[in-house]
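Everything below concerns the one structure shown next.
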Amino acid sequence: MIRVAILGATGYTARELLELLLRHPEVEVTALVTRQEDAPHVADVHPTLRNRLDLRLENLAPAEVARRADCVFGCLPHGASAAVISELLAADCRVIDFSADYRLNDPQVYSKWYQVEHPDPERLGKTVYGLPELYREQIRGARLVANPGCYPTAAILALAPLLKEGAISPRGIVIDAKSGVSGAGRSPKPNLHFPECHENLTPYGVGTHRHTPEIDQILSTWAQVKTEVVFTPHLIPMDRGELVTCYAEVAAGKSQEQLLEILRKFYQQEPFVRVVNHLPGTKDVAHTNFCDVTVRVVGSKAIVISVIDNLIKGASGAAVQNFNLVYGLSETTALL
Amino acid sequence: MIRVAILGATGYTARELLELLLRHPEVEVTALVTRQEDAPHVADVHPTLRNRLDLRLENLAPAEVARRADCVFGCLPHGASAAVISELLAADCRVIDFSADYRLNDPQVYSKWYQVEHPDPERLGKTVYGLPELYREQIRGARLVANPGCYPTAAILALAPLLKEGAISPRGIVIDAKSGVSGAGRSPKPNLHFPECHENLTPYGVGTHRHTPEIDQILSTWAQVKTEVVFTPHLIPMDRGELVTCYAEVAAGKSQEQLLEILRKFYQQEPFVRVVNHLPGTKDVAHTNFCDVTVRVVGSKAIVISVIDNLIKGASGAAVQNFNLVYGLSETTALL
Amino acid sequence: MIRVAILGATGYTARELLELLLRHPEVEVTALVTRQEDAPHVADVHPTLRNRLDLRLENLAPAEVARRADCVFGCLPHGASAAVISELLAADCRVIDFSADYRLNDPQVYSKWYQVEHPDPERLGKTVYGLPELYREQIRGARLVANPGCYPTAAILALAPLLKEGAISPRGIVIDAKSGVSGAGRSPKPNLHFPECHENLTPYGVGTHRHTPEIDQILSTWAQVKTEVVFTPHLIPMDRGELVTCYAEVAAGKSQEQLLEILRKFYQQEPFVRVVNHLPGTKDVAHTNFCDVTVRVVGSKAIVISVIDNLIKGASGAAVQNFNLVYGLSETTALL
Amino acid sequence: MIRVAILGATGYTARELLELLLRHPEVEVTALVTRQEDAPHVADVHPTLRNRLDLRLENLAPAEVARRADCVFGCLPHGASAAVISELLAADCRVIDFSADYRLNDPQVYSKWYQVEHPDPERLGKTVYGLPELYREQIRGARLVANPGCYPTAAILALAPLLKEGAISPRGIVIDAKSGVSGAGRSPKPNLHFPECHENLTPYGVGTHRHTPEIDQILSTWAQVKTEVVFTPHLIPMDRGELVTCYAEVAAGKSQEQLLEILRKFYQQEPFVRVVNHLPGTKDVAHTNFCDVTVRVVGSKAIVISVIDNLIKGASGAAVQNFNLVYGLSETTALL
């Protein structure tokens, strides 16, 4: 059994992760870590888990976490995450980090978008980006995996294969993204108050959302030229689910069928990406680790649409998929 | 023109009140009062009102409010409300109070349920309860009106006529109540966070909700015997709307048709109560000042069902209806 | 491997059943039966199942179903169900029936509430009611199990132990029930159209809902006296989840703590009933086979509250639990 | 008083229209027309209108409608609408048509997108497009007004001023549109069934939605060059509200502030368009006739965002605004 700890165990991604890990035959959850002073039982924090996991949350120092766990899932906010993780790695833990701290290669880009100095800049550029469909081989056996953001997961899975094959232009890409409210986390805020969100639809972070550099970094690699996507997220009055509608110029002469074929080929062996002919909805993948993707050509534009569950394929499911790869287990364990 | 001020102008009831008052031909809104230190423009607090009302919120002392307004609508929390209102009354303002402070007749009952000493106990028992369908004559010309709670409005309109006619038993009444989330106010709280409320349904305040003594006080008057209702509210994943399902023993020999007839007769002249034959839904009265009510007899029980918009008939619409009565205007002004 | 077929495979309960069966290590799904003429692929009917199950739906005669399957889950409407099931039983299949056809003991009660003659009256009164918490021993090895209705599941689990111990009165029980819209099935209807349901809350079937005799039949057994519950369902603007608020007279001298203790004792060994101290919400059990239950005493009334996922514990999860019992497998297989 | 009839009185736009007209001091509603054979009371079709309008729906021939009404609001489907309207016009009625039948100038474009021959091609190109902010003078006194589609209203109000001033490029415009479900009408359909829509987000009609030629026709006029927008609508799990996110290349040297200033100037006298600095949400304009619009510049793109209530400014409110102009009344009557 692999002993597993979770840092930041009170949030929604931690809850979903626990739901998955409780079904994982190779995992024993040994510590749930919180920075809160009181130490509630997990059932009081996550009522769905009552009678399924008998653990209290604990405010543990990294050294103690490392003593208890072989692998740590970090659900801490950016900045807070890297500081703890470098200690855990030094103590020989493996880490799958949900924060943005190890996703970007360039400390300057990080400090520009996150407004803090990176606490562990050495590891930037050396940490694998945990999107198995693109970086499976590097993830196998890794000691640290940077679990991708939810929007980047949906957008990159939609666009990377088409950029790689030169089927769409890397210039002028627009990503119009829509997410359920759980993506904004568990802390109550005025704009996330039920009567404000419900029957409401709002754009936010237009031109300023921190997932932008992450998307550009990965897409640039696959396009082999620097991209500068326009990324516009919107808050949708639903709990979970995410859809991105990506617009790009089609390369001369490429048909819709050719674009679909590129996607089908790229993902034909993938257990969790389904290239579909119809227009997918978020409910098709809700509570699953799937990403459904399709493409339409309208005039000179390719419209690439993908859907994920923001908490599963966009966070905790991806983390378990990475965990399985890190430990050489079947990649779909606990995910189907 | 009657000059009107609103205390506690940032909340949902204040917003709905402004929506109504802006359509009122006899009203000029002269002050929006808040206890917050900054003084935002009303359009930044209530975006729907942009370009319709050009006022900033202000942190004004009661004396200044009284100078500016003939009539004050108080949307302050209980306890805070009475202290200010007694000053306004002394300065010759008329007041329609949304708080619970002047609804109960007995200061002891008030302090038992609200856990504070009443700041103005003299006026308890002398203030009219602002339910026009029951207390129209006393409201006309009143200087202070205690605007009813939302649950009491729905429950009392359902039950009072039947109790008055002895058609149901005053003993063992159960009121199973369901409300949209706006009834819980505008302050973000963990249980009102969108991902917690959405796709969720929760009872709360079972046996302890503060609307209980208010319902009992009024029903006891109409039943001419002390009632002790069991009141169970539930939070429903919708923004607005309220439905109460009331259960009472039918008096011997009374049929469903007779009960319906009692309701029809009682409300036949009422502009805002509609006795219906079908089972009403909250959307039938959403964004209106109507209360739809019906009754079924099943076995020995009468099941009386009523629906209101918790922010309109349950708060701001009732307040405008009371205002119209106080000033001798047509009762439906600004409400149809 | 146990070969399994599903009748009526297009509905929501069939979809949830497939989600569970795909995780079941002892099950092979061999036929998905529909009465529709075309034969769509399961992925086109249930998009979440794409790439997870490669079967087409088929319009198969019972004899062919019996040839292909050891056990059949029947998700057909009442009336249609019994006709097919008697053939399957004759052909030596085991059957777990989601319809109401075998739940009632008395053909006269059946024809009164369902307005049809029962097509297989012989088996009424001899078929086990598939609520494992009450009838576990009779379910083991059964050839036919009548899977309970969703409302009866929630209501009976809340009330049966208290009636058994005489802690509440069997007379005058009120069950105020609230359900998400998926409980109404997959066929579009005017009142289930999104803009009608959303932001709306409606009672329906007051005094006439067909789950009433089913609840009374079981509760009467446990109370050892005939009950006549008043049952009032409400449609809640959410997809899934069900909550019942049950009101009954407390037996003289019984305290809230004593009632809680009766529930705790009754369910202490149960894997899927959690007696809780707090007021549970439907989201606590969403997408699980759990039933959370609690009780409050207010005045002379016990208020017993229970929550389930109407599609899991209220239908497909219960069916899998019954299946496990029928085949002597661990009862929680595929359910945790 | 102007006598008014409504054709197609059972739908959502008819209901919203009645809500507005009942507040209109110059209007008397004299006929509610339906093609259904039975003739229900309006209160049974639109429960919110009970006790406010005592009319039955009627299946009336155009001649009878013309006898009863000075002005007719047509809420019929495309194709069905023009046939009736030409009769009404011949009988000297004025008409405000909600259908698409008189919006397009070119019968060939009409038959390409609507797959029917236009029944009254003569009037195409001679009928005013009822967007008062762009065509106010032509609407005054018109006998026939083509009320715009909801998506075109939001998109054109966002883009036309910027195209007119050459501040954005007319080539390669992308309109990513999101609408609440009421925009799809009142007829139940599988994809509009509550459990399918709720917690779901789906694109539809990508590259094929019939509002596309309408948007292009108007934008081309204002751009003075033929546009070919890419228009991608999405169904959002809410009842009402619509947001469009429009992407266009910014003209060289134009700043975000300059674009905002163009919008502010263009709309400075408009009673129903509010140019805002913040990112607007649909709830800011829900149940109102307002359109809130803003713009951001990100890289080389202008992102123009506008929100409307699809049933008010996107349909019935616009119709009343047009009605007021046609009859020389104050444009905001019944709308504020």
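Per-chain residue numbering starts at 1, and chain names A, B, C and D are given in the order in which the chains are listed.
The rule is short, and it goes like this: a contact is a pair of C-beta atoms (placed from the backbone, for glycine too) under 8 Å apart; a residue touches a chain by one contact, two chains touch by 3 or more.
Fair warning: this is a prediction, and the values are worked out from it, not measured in the lab.
Name the chain whose C-alpha centroid is farthest from the C-alpha centroid of chain C.
Measuring from the centre of chain C, the most distant chain centre belongs to D.
Contact counts by the stated rule: is the higher one at A-D or A-C?
Per the contact counts, A-D leads.
Hey, how far is the Cα centre of chain A from the one of chain D, in Å?
Result: the chain centres lie 39 Å from each other.
Give, as an integer number of Å, the spacing between the C-alpha centres of chain D and chain C.
46
If you average the Cα atoms of chain A and of chain C to get two centres, how far apart are those centres in Å?
From the centre of chain A to the centre of chain C is 37 Å.
At least two other chains touched by the same residue of chain D: list those residues.
In chain D, the residues touching two or more other chains are 180, 196, 198-199, 237-240, 280-281, 283, 286.
Inside the complex, what are the residues of chain D that reach chain A?
Against chain A, chain D makes touches at 172, 174, 176, 178, 180, 196, 198-204, 206-207, 228, 230, 232, 234, 236-241, 243, 245, 247, 279-283, 286, 296-301, 303, 305, 307.
Over in the complex, which chain B residues touch chain A? Could you list them?
12, 180-182, 186-190, 192-199, 237-240
In the complex, go through chain B and note every residue touching chain D.
22-23, 47-48, 50-52, 198-199, 271, 274, 276, 280-281, 283-288, 290, 292, 336
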